[in-house]
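In what comes next, chain A is part of two complexes: it sits with chain B in the first one and with chain C in the second one.
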Partner chain A sequence: MFERLFRKHETYLLIIIIVYSIVVTSVNKSFMSFENLFDIIRGSAGMGILAMGVLVALLSGGIDVSFTAVAISGGYISVRLIMATGWSNLFMAFLISCVVGIAFGTINGLIISYFKLPTLITTLGTLNAFHGILTTFVGTESVNAREMPECFVRFGSAKIIKLANDQGGTYGLSVFLIPLIAVIILTWFILRFTMLGRGIFAIGSNRESAVRAGFNIKAIQMFIYAYIGFLAGVMGVVAVSEVRWVNPVYLVGTELTVIAAVVIGGTKLTGGSGTILGTILGVGIVRILYNTLVLLGLSAAWNNFFVGIIIIASVAITSYRNKLKAYRSLTFRV
Partner chain B sequence: MSNEFLKVENVSKSYVGVKALDHVSMTVEKGKVHCLVGENGSGKSTLIKAIAGVIPIDDGEIIINGKPYTHLRAIDSIREGIQVIYQDLSLFPNLTIAENISLNQMVERRKKLLKWSEVRSFALSELDKIGISLSVDDLVEDLSMANRQIVAIVRALTQGTRLIFMDEPTTALTKKEIDSLFSIIMDLKEQGISTVFVSHKLSEVLEIAEKIAVLRDGKIVGEFDTAELDTDKLVYHMTGKKIEHTTFEYKGREEEAGPLLEVKNLTKRGNYEDISFELHEGEIMGITGLLGSGRTELALSLFGLNSPDSGKININGKRVHINSPREAVRLGISYVPEDRHHQGLFLDQSIGNNIIVTVLRRLLNRLSFISELKKTAFIDKYARELRIKTPSLGAPVDSLSGGNQQRVVIAKWLATDPKILILDGPTVGIDIASKGEIHNMITDLAGKGIGIIIISDEIPEVFHNCNRVMIMRDGKKIVEVDPKSTSEEELYETVKKKAAAAGRY
Partner chain C sequence: MFRLKRLRGLDTNLTILFIILVLVVLVLTAFLPGKFLTGRNLKSMAFQFPEFGLLALAMTLAMITGGIDLSVIATANLTGILSALIMTHYITPDVSGSFSALIIVIAIFIALLSAVVCGLVNGFLISFVGVPAILATLGTMIFYSGIGMAITKGIGVVGFPDSYLAIGSGTALGLPIPLIIFIVVTAVVALILRKSSFGMNMYFVGANPIAALFSGININFTILKTYMTTGLLAGLSSVVMISRFNSAKVGYGDTYLLQAIVVAVLGGIDPYGGYGRVIGVVMGIFILQALQNAFTLFGFTPYAKGLIWGLVLIMVMIINFITARYQERARISRMLEDRRFNNGVGNDADAVAP
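Let's turn to the complex of A and B:
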């Protein structure tokens, strides 16, 4: 039983997190506090939601790099529209953002499934196109904390649990946890319990076989990219509420970090293989790194360096194990 | 009341100017075992894919159970009860056995949600019907070839199947497993399920089929009752030519010459044990045996890719340790691999580049750049000598037919001027005409003094082309036989008998 556990990628990730946490705590005790933990969770929600989308894309053997542009479009349009119409209502905020997200996602889906263009090139193109549409047609003005509609501000500071700290201030577990958990459960359900989800795995595992088995490839791909758009829409609202400031240049440029987190979680870039738990742990590792480097006395500039090292280490370990397997069975196919 | 289950009527399909199927008509009767034969490039795969609805046809009709289709989709074909087991098995390597077996069913039944307990129990019950037990939670990518075949067959046999296509199902199976497969096909026949069996191995085709359809260059040459045909007639229909069997004549060794290659008590745990043999210049030694006998593992040890645990290897009397392919080449050993596509060729590189890749150092000019002049001369020489048929040597090598691809691999290794040439499954999946030409090429090379080892499953191949055959089983050398002192059937029996004697059957 233990052997099976140690063959799983997720086990190693968990070990890394635990060991790292112990190391950090020994240097700076404030790491292991509820306040810090809640802070990490609040900061991880956005990346976690997007990571679920990236996971789905990678599982199908494709990739989507346009989700940040979709997310910021959703968030920005939602803010500006609510400012313009005065409908300060969180439900409206999500609705607008998700509609924008699904619309953009569907465009991706159409190009990929009907024109059969490669996913990386397509979404690289739409990343720029969507962003361009946003800045050209909607505007480039920032919206700061004072101007931000109330619904966003309240969402950003709402807490599920409120506690008091030693300095007399309050902290708490952000409500961001709710959309994060909802998205995780929804994605998990789709991937594990629906034929649609198994179809996603099938396409990523062996596309030709999926065609031969009668899966509707076009429909499944349309769903994948529209779903990512939907998730990006959700994240857009979370992101603008988190920093209480929005400007079209925000978020775009962080795609690779999200993808890195998913890859660290053990998802293969070639498709067909990856888990929700792994993705959560991958996001966890990246966010904990961001959170703690400062506590360890290193400037935040080291963030990317360490994330890079973990990506290389994580992929190297998996590659090495595959290579050993290939050499032992004398197939030499790596 | 028709006893025709499937009728293909005047179906044509073209790909960019090449007519893959030219007014093809074929019938499959209910509960009968049919075979479809044809060379590589004859259109077999295209026909199967058209019937499976995976590719659209340009012209003609596919009538399934009386229902005509001009635009057949994969899901339609499946719903009508047609299942195809492709040569690559079309499994999902990252998914479990249970899923692979159950997925087709679930797609076909338009299910939206999954119940994992159902998936597992379904898979278990289907495996039970064939009388095989596998751990259904294992990933398919971790399975052996034979087990993957079983999963593919079980998947195809789910309810409602009326016709199964099996494309080259026996390439990776042992004789025992092939017999099991044949008995499964007979069971299917009793249940009224038709089978269309596609194979290159004519002996198998003649053994199992009731009716044989022959495809040549995209056209159906004829549909015959098996009783009307024998191997020679079949080959004639497939190729349009009569093929001659030439037998290799060993010149005999010179008086004083010692062995070119001596292998003494070579052992590698888990692969082979205590192997000893000699190879002289100009000899062609065959190594044969059932799957899993350790032949390829032994060959890889001679090529530096599978270091033996103990034993000696001598070349021209001198002891050698072969630790890498580079060293093997330096010692004059070349190995033409079993898996042409993944181990023998750089598929998206040009034919020319594939040929010169082993000898780049010899093509340098004074500035240490590759000399175009030398390169072209070299490529042309080998393309000519090995008769590689192509409109252009700059074309990517995956545009070539199997037979021509194999010539490229052989050319690449001949370029290194080997003294010992090991060929592992040199004519697997190659059409009959090319097979003969490659065999002639090999015997010519032996005439030039190269020591050759042919590793093969096909008894006729080693029988006609070797002056000595070594039979291996379960990693041990069983016996060395001189083909002249026996017959093809006897050799076949010996390979089987040694296995039987050990209680393998």
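Let's turn to the complex of A and C:
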């Protein structure tokens, strides 16, 4: 049983998190508190939602880097529309943001599936195009905390559980956990129990076989990129509510960190292999690292240094193992 | 006449590119009379594009081998910061001229050396460890910019000696020095790709790595050398870049990443590897620089420029896809016709034999 456990990438990720947490706690006691844990969860919700989308894209052998532009477009347009109309309703906020997200995602899907273009380069193009559309045609003014519609502010500060801390104030588990868990369950359901999910794995493992097996590649790819757009729309509202202001240049530029988290989680870039649990743990590692460098006495300037090392080490180990396996079985995958 | 026809047939892509370049220049001259096609503007463009052109060439080499190098800008920034630190630390107002010249040479040498080391790490990860190029260079991109950030804390390193600034703003023989560097480097890269066995191997590895492996090509060393060259080009770009900006900082030239990929794809480099020529990329660089310059004259925001570059990138890839499919269809129908003809001959021979 243990042998089976140690063949799994997730086990190593969990060990890394536990060991690292012990090290950080021994240096700074304030890490191991519910307050800090809840803080990390609140901060990870947005990244976790996006990571599920990236996981789906990577499983199909593609990649998407445009989701941050989609997310901020969704969030910003939804804030602007709600400010203009005055309906301060969280349901409307999600609806507007998700419609924008799905629209942009569908554009990605159309380009990628009909013209069979390389996904990285295409979405790099649409990242700039979407962001350009937002900043050129919608606006570049930021909305500050006082002007923010009330529904976003309430959503941002709502708690599931409330606890009192030593200083007499209260802290709690943010309501952001609900959309995060909903997205995780939805993605898990699609990947595990639907023909669509089988199709996503099939395209990623071997596109040609998937065609022969009768999967409609175009439809599946359309779904994948529209789904990422939808998740980005959900994340847009969460991100905007989290910081309680919105600026059209927020989020864009962080897409590589999200992809890095998914890759650290053991998802292969060549497609067909990756797990939801690994992705959650990968996001956990990156967020804990960002959260704790300050506790360890290093400035935030060191963030990318360590994230870079972790990505390189993680992908180097998995790739090298695959390469050795390929050489042993004489399937020279170069 | 026959040769001309054959040449044109070989490089439809280049012909199209050349027509686009001419059209862009004509249209811009018409829309911006007395602003675009002036000596002063041309000269300022000649100073602007080399730093970016070198990065585009670096991207080209990686893409020819079927990879991509996302870390070129991070490499350029890191090496720029290292050489800037050396110069600002050792060159004080009271040192002699010859000493400061020596320091400048050392600083440039360190910049190029560290750039090659950055490329070596990329190449090692991609070839010997077997990490996909996108992932390896994504990781090193974050890592290299992380090193730069940790060293400088995000603050620019400023204040270079005047003799160093001449690299980015001086002229020699009436030509801007950055332009001379660009011309020399482009010629060398073109020669390597067309005339050396290393260049040939790069195309082979990009076209079909497994076939290359079984043809006895050392694909690991070819990839390693490719990314070292890529790194060196990024280092050269940083030498020009920090001299032009008179400072070095994490995050300079971030927009160049998209533009370098746009230019490589526009110039006819196949993102799946194995195809493309330097001359196409050079034309791509000219087109991009002309448009970039015009956008600045029109007063577009950086976001609007991003929008246009994104759309251009996707449009070019779609057009390439459609022309490739059209050419493929034409090729197949030609092949089928040939076969019908040959089969006819073959059947006759069979009929005679018994």
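The criterion applied here is as follows: the second predicted complex is superposed on the first by the 323 of 334 C-alpha atoms of A that agree within 3 Å, B and C clash if a C-alpha of one lies under 4 Å from a C-alpha of the other, contacts with A are read in each partner's own complex, and residues count from 1 in each chain.
Going forward, a contact is a pair of C-beta atoms (placed from the backbone, for glycine too) under 8 Å apart; a residue touches a chain by one contact, two chains touch by 3 or more.
For clarity, every value in this text was computed on a predicted model and none was experimentally measured.
After superposition onto chain A, the modelled positions of chain B and chain C overlap sterically. When the shared chain is aligned, chain C comes close enough to touch A:Ala260, but chain B does not. In the superposition on chain A, contact of A:Ser73 is made with neither chain B nor chain C.
In the superposition on chain A, A:Thr279 makes contact with neither chain B nor chain C. Of the two partner chains, chain C is the only one touched by A:Thr135; chain B is not. When both complexes are overlaid on chain A, the residue A:Thr122 reaches chain C alone and has no touch with chain B. Look at A:Ser299: by the touch rule set out above, it reaches chain C but stays clear of chain B. Put simply, more of the residues of chain A are touched by C, taking chain B and chain C as the two choices. In the superposed pair of complexes, A:Ala202 makes contact with chain B only, with no contact to chain C. Across the two superposed structures, the residue set of chain A contacted by chain B and also by chain C is 332.
By the touch criterion given at the top, residues 63, 111, 115-118, 120-122, 124-136, 140, 256-257, 259-260, 263, 269-270, 299, 301-309, 311-312, 315-316, 319-320, 322-323, 332, 334 of chain A touch chain C in their complex. If you check the complex, the residues on chain B that touch chain A are 52, 54, 74-75, 78, 84, 86, 90-95, 99, 103-104, 106-108, 111-114, 296-297, 300, 305-306, 339, 342-343.
In the complex of the two chains, the chain A residues touching chain B come out as 192-199, 201-202, 204-206, 208-215, 272-273, 330-333. On chain C, the positions that touch chain A within their shared complex are 68, 125, 129-132, 134-136, 138-147, 149-150, 153-154, 209-210, 213, 219, 257-258, 261-262, 265, 271-272, 301, 303-311, 313-314, 317-318, 321-322.
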